[in-house]
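After this come two complexes, each holding chain A, first together with chain B and then together with chain C.
Coming up: the complex of A and B.
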């Protein structure tokens, strides 16, 4: 839930999503769901020469499982708060790991 | 009777009596067979058993003796044995009759085919005369009758297929049909054609014909026709003539398309034509609501009626409008096509299905406590909203609710009642989920493995760090390393284990987070419990418990000197330990803060921001240390400064004395943090001496206290004497030395005349150098330097401008 919660705060920011097939797409984050599926708007591909077929695409939906990296604007991340959120998540009564 | 090559059904049911009586022939089938039988008796022929003619048995195969008798020098005596044609001639009459019955039956079929039937070669011809076949073919029949296009003809007029006619061998008929069709369609087109496009009186029908090359762009002719059809449809919806028009459109469409070069402005793709047809169909069915025709049409129509001559001038403008219209039309069609393409998936899911999936998704996301599951988002948006609020003023629309408000607005899009229902369902789901704790795995009986039940809140773990593993490592290492490998407790061994410190810090954080959560829940608006007091008491107990735990983890009260580094100082040596301090202090009382600052002052030398931040002769300090110093100044100092700024003189004296006694002042004074603390104490004491304590309701300091303070100050001054310059960072470094000037100013204010003199003599060089340096700098930087120097000079009643360089 932390990542979902985190990405929700990035809605409206420009992010670069690098996929597992090396395609990197920059666009405005429109929405994200609990599977970290991502919707981008106003997209453009980082290496346009390499992927000319993507030039006509204006927005896209990315399945969460194919994402390798998401590059975020540093100004939109509250690291201290993120640490706290991580602590809270660690604190939560979790079921013991299956042995 | 094989008549299959005419395309008729050879397996016809037997003729019934009605048809037979209606026909010209009186004979029935029974009669026919009777005739056969009679004939067979007459001629001695059995039609069915040629192969078994007993006469053949009498032949002697090997001998030629009877050849003469057999092959006939005397043929008259042969008899009837081999005269098959004779018997054929006898039944021919019957066959002819039967055929007449058949033809009469065909009379009921549409008249189109009558001619064909009449042209069909009669059975009798087949029997009577072999040459008749060729004659009846009219010379244009193909020699092989089975490939003739004659028979498989649809009952509908062939003209409907327009250009789809295959290059038929029946050229005469086909071209005849086409000619008719062309004239027909041209007539209709002229009728339907909008007067504004062509001049109707001069509109020759041949223009519509596909053949002449001078024909205008077909869509020009076609689309207005469509338009007209629509109008007509609107006028006389439901009348049968619409279908006629529809068919006309079908006819009019294809021929020009297939035989003309593409016009400039609108490529007449076949696909597009199909679209238009589909549209007309859709219009016929009333499925789609087309936009009303452009007003220009009605307008021009009126113009045409009134003054036919003027309309030629408007033609160009109209054409422009037209192309625009086509473009719009095309897009509309495209959209329509996509919609209809998708429409086949309509209604795949029932509303129940959709609700079910919505419920699943929402139950994953909605929690009773958004702060526990959606902590980052909630707090982040709350912080952001507060920031924007402070920028936009208190009346911003987001003022209430913060993140929750945003959530609410998001959901308002649905219908209200549906949303209410959904909310109730979600509430139920959440309650259900709370009642039965979620298990992460499920082992079915007989199954070999376990089925993991992963969810958003409990994702599949890729790393499983088991506590057991570290335990075994620990026990494994202990025999060789003895007790050294065991995590040393801080108080027992005197060595602070870094891991232990980090653990302590994390515990502090946990406690702080718990305290903060309790604080947030302290003022719930809508909590209407009957036992609110008990609730409050319980909260209070929990709060004090957590606060106690936090205080213990801080190790402030641990006795000094037992461990090499005081545990509290160790905590402050870690950056996240520094960061937690302001949050910790919010939950501390004044005594606790006082104890904390005393511990800090007493162990000031051992602080990393003090000991590591003192540069050597070249003054090089690592960037990481500078960052730590900056962090310390921003996190730890401000709350302590606030504490000191409200403290009475007694406490300030105590702190300064402790500071001087416990630390090497000359060394500490080289660090930024040390100077900051000294400045803090000095300025507070000076304010109190001048009666500033009245603001906090403190009584003016007693004379004894002022005496004590003066004593402490003198000690400090005497220790620092001759070392004031060493407090400055090296001239070459880019560090802003403002904090030094601030400290010197604080010293100068409290100094006696002699002390001031000493101070000025020591600092004079630095002052002059700085001013000289400033004169060579760009204006803004120079101004900053001069301001720094003035901090000190103003305390002495001087100004940098008075200096002569």
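Coming up: the complex of A and C.
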């Protein structure tokens, strides 16, 4: 849930999504869901000469499972908040509490 | 005999493997990924899938190429950097805290 909430805070930012097939797409983050599926607007492929078949595509949906990386603007990320959230998430018991 | 051992939960204790990752928050770590990729960067967040957010990241991709003429294997590394990177956990092979690797 942490990363779902985190990506929701990044809606409207420009991000670069690198896929497992090495295709990298830059665009404005429009929406995200619990599977970390991603919708991007105003997209362009980073290596357009190498992958010209995407030139006409202006927006897209990316299945979360094919994502390798998402490059983010550091200015849009509150790292202290993220670390606190990660610690809190780690404390949530994954096994039922004793008795 | 009936005395039950009440586990004392120390915040810094390593009880399960992921605790090791928790203790690496705000530290530089080394991450080995599928596809001969390695990352070094500062860990800002992670979850149970090993999805992660890393800061000031250096990515190293190792490529083995065969020289056409000599048929020798040439190992080439490609380095990339990113200031802030989300890494999807399904590609992660191992995560190592900084001290061992000097990441």
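Quick note on the criterion: the second predicted complex is superposed on the first by the 95 of 99 C-alpha atoms of A that agree within 3 Å, B and C clash if a C-alpha of one lies under 4 Å from a C-alpha of the other, contacts with A are read in each partner's own complex, and residues count from 1 in each chain.
Heads up, the rule we're going with is that contacts are C-beta pairs under 8 Å (C-beta built on N, C-alpha and C of every residue); 3 or more make two chains touch, one makes a residue touch a chain.
All values reported here derive from a predicted model rather than from experimental measurement.
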item: First (chain B), second (chain C), both or neither touched by A:74; value: second
item: Which of chain B and chain C A:36 touches, first, second, both or neither; value: second
item: Touching partner for A:65 - first (chain B), second (chain C), both, neither; value: second
item: Touched partner set for A:5, first chain B, second chain C, both or neither; value: first
item: Which superposed partner A:82 touches (first chain B, second chain C, both, neither); value: both
item: First (chain B), second (chain C), both or neither touched by A:20; value: second
item: Where chain A meets both chain C and chain B, residue numbers; value: 2, 6, 82-83, 85, 87, 89, 94, 98
item: Residue ranges of chain B touching chain A (in the complex, touch as defined); value: 361, 364-365, 372-381, 383, 438-441, 450, 452, 456-458, 461, 464, 466, 506, 509-510, 513, 576, 579
item: Footprint of chain A on chain C - complex, ascending; value: 6-7, 18-19, 22, 25-26, 35, 44-48, 51, 53, 55, 82-88, 90-91
item: Residues of chain A defined as touching chain C within the complex; value: 2-3, 6-7, 20, 36, 64-65, 67-74, 77, 79, 82-83, 85-87, 89-90, 94, 98
item: Complex contact set, residues of chain A against chain B; value: 1-2, 4-6, 8-9, 33-34, 78, 80-85, 87-89, 91-92, 94-95, 97-99
